[in-house]
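The chains carry the letters A, B, C and D, assigned in the order they are written, with residues numbered from 1 in each.
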């Protein structure tokens, strides 16, 4: 039924649930830092919660930057700190970490994963190479950019599982570009989830899930929304259109729709060719460069402490 | 009034003119090759024609590939030949050509211009360098990728004019990514125009025109649509929406709108943040690589003949 | 004893063997095409041959282009044809092929492998994706660019073995940049070998061999020399230096040295920091782009026949 | 007579002058910071000094990092500070600065200039675009990467002069990769000079000088050695070779040579093809990325103060 992804963000799905009170099977914590970084932790505790939210059982942490005018150098450091803190907590006892940069380096909004691995401080091989650091690293970091199926002909899950079968890894951190519904979250929200990921979902190509079942190791998904799907764009204009065409009838009609019904409608309103397209800002190169640098620095900051 | 570009393609603007008969100030020729490549030449002869079409006086040649399934190796050669033929005709007596690759190499759909210059056979310096070719080149080719304003802080027109003031150039061919209205023309239509270009218009950043007045040399614009603007996407769904909400009222309303009025409506329907976004296919990397290679080869094929 | 690689090319090692007659354990065939492409096939039949040549038992095919002035468009097609012919022969019955682009995309002379995979026509996923081609492909092509150890922290052999354990592959073609001794072979010689490869040997980083034993599938190494080692450069000037300093003594001294002794001497003559450096032409970007394109096209040409 | 560049570094030329006392027409100041960053300022005051050093009249500032083991994060900040300090002093009253990233982005050791401009904070267009910063920038920064002659067919000086004729610029900072003689200075020495630069000299392509005469504005050259020329490598081994072949004769011979004579000898010892090659470290990608980032940050740090 869910014809195409409407959002990869648990926090946007949460907004769809009209009842703002306590929801069965879902627990939510929120904290706002001094620098106005907002962290929301959504625990989906059971299948009831999973059905309500539309996301598997697990924990979803969303880190949101304050308004874009303030997304400057000053926000880089506290954002790094918050991300490192949350990622460490999710990693738990895991010390040997494989970071997987998903996505297509050649398509700007999809290059987040590869850009993150570009700036990582890789430590796994240092001992093999007899390179000794002044400080003993706390995490053993390895990394891979497997490429996308059009480039490899191989499901990403097969590549990662193969590597994990050959080297000792405690946890896999998969970094990927996501799709959001709202343009205001693009490139300034980071989502961590311990439930795995569908590679390419941000740009709409559904592949076999990468999760602890398919990989055989703990999997943490670290994502940033960099695109909006075309139906989301049309969806966003439906209320205004309803108003324009027929105030009373259209409005009532729209109100009677569930979020999913609205999305289905928008999906049908779009020309079929548009389903394989995405919407992204013109300065996406700068935005992706900036947020990927923050993520690399957050991971690097964890290595020595 | 024209709040944002609705299409850079003269051929799409032509389709808007409801009267399919003879139009004052506009002449149109069409030819279809054996390989089903369709070439449309639109002559805008006077200001009346220019006002009707919404494009300055001049000649616009559009080369359209047959359906995408057939956009394969077999189409590459006849497409090269057609483009080389049309470009030569537009260049006339010009022999020293500066090819300008407009756009941002870091944003995939905007990288068309730089990718074209990457594969050009540059000949202008060979004599200076005392490199002698077996055959005398018919055209003297030089090239530049000036970058976009966010990267340089300089209007592109100032960079190109500066170069043209310093070296002897008969004509400037500016290669740029354009915006189309229809997804079916993306990455398989080539437009040549002798009227100049606004750099970045494809991705919606209006800059000073690059044309023979501002440059002081003949300017030919060679463009390929690689993106659609967000309002065009919403515009495309308006008829269906009108139907959905209120058959009789909505339909009549839509029919009473001019193309520009529809676009204005769509523009208002989109969230304001979306005006700075664009829509592009997921496999834009492959599409841009392919068409840019064809353009380079077409120009290279002109050098020795 | 072999302190650093002096050449990766079997054909250059062959030149070192002073006796130009029949050599125990080594058989050599040579053919020259109409277009002056020279193909040399060296069969190392037993351990005696392997010890004499300094390369493991197996077959080494070297394809050499005619002089560089003629390395133009005209040579691209016959070179493609020769390479496809030889590669097919080495692949034998293998139909599902994993092409591995070794090397570091960020270091120009080491980017050969990644550049080759960039232009491959990947077919393995088409059936899974329900994409049907007009012709049935004869080979199932998949590809991966694993990156180098400084980027991944993982031995390349572990990545490839992992993938081969997870997907059905008949043969692995590893494409890598090599080191030559002579500058005249750079970027215009292609070597095929069925004995495997040490990734990074071209740029001097020795890693675990990638061969049929370590991978568990047929391994064919396809390499092009893109660099010369620093000791090779010094070695090349030793005779002239000997002449300069002391005609009779120096000359006799040089003549008494074996190739390996000369290389050892040159190795000691170089400053120690230089052992981690390489020598490459200034226009290496164009050279690597051109030869990698020829290799991709050769592999692509095999898919449909 | 000077057949090929032996070094672009004034500080290495200084070392060649055997007399370590006061030299006519040359003044030298040295200071070492707390973090062991060594800054050497060479003033070439008149033609006598210029002839002795082999560099035009002007000021050369060399900033040297301490040993490579310490070239870590801790050195980044003091290095930035020192560079910003020296650059500001050289810029004097100049406020509108055009940064020119010379070199070929596609050849790793030659990509220093383009990489520096990639990370610059460009401000020149902000006022035109009606973007207001919280703080008023002290410098107006614009930037251009003109590409190399093989890519453009145009002398770099013609491109820069053209731009400077069209926009108001007080000073041009040309950033380029240089050639050093000693491997220990590679990628960790920064040279500032107010005498201009020959683009491509680091990789051995001599072009028209970019200086205040040819540009018509103040020109400051900011360079980092990233390559060594092949003759320098052979030169470096000459003493050891002299020893090896004939202790008394060879040694005396070498001592009788001037630096330039030694270089000439080495130049002749190299095979002619090698004159168009360069020597660079295997991890040149990381080294260039790191030092270019430091340079960008130094320039960015000057903008607001």
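Brief remarks on what is shown
Here is the rule we go by: a contact is a pair of C-beta atoms (placed from the backbone, for glycine too) under 8 Å apart; a residue touches a chain by one contact, two chains touch by 3 or more.
Quick caveat, the model's predicted, so the values are computed rather than measured.
Chains touching both subunit A and subunit C: none.
Averaged C-alpha coordinates give centres for subunit B and subunit C that are 43 Å from one another.
Between subunit B and subunit D, the centres computed from C-alpha atoms are 40 Å apart. Computed from the mean C-alpha positions, the centre of subunit C lies at a distance of 35 Å from the centre of subunit D. Residue positions of subunit D touching 2 or more other chains: 150. In this structure, the chains touch in the following pairs: A-B, A-C, B-D, C-D.
Listing the residues of subunit D that touch subunit B in their complex gives 117, 122-126, 128-129, 140-147, 149-155, 158-159, 161-167. The touching residues of subunit B, counted against subunit A in their complex, run 104, 106-108, 150, 183-184, 203-205, 228, 230, 233-234, 236-238, 240-242, 244-246, 249-250, 253, 265-266, 268-271, 273-274, 276-286.
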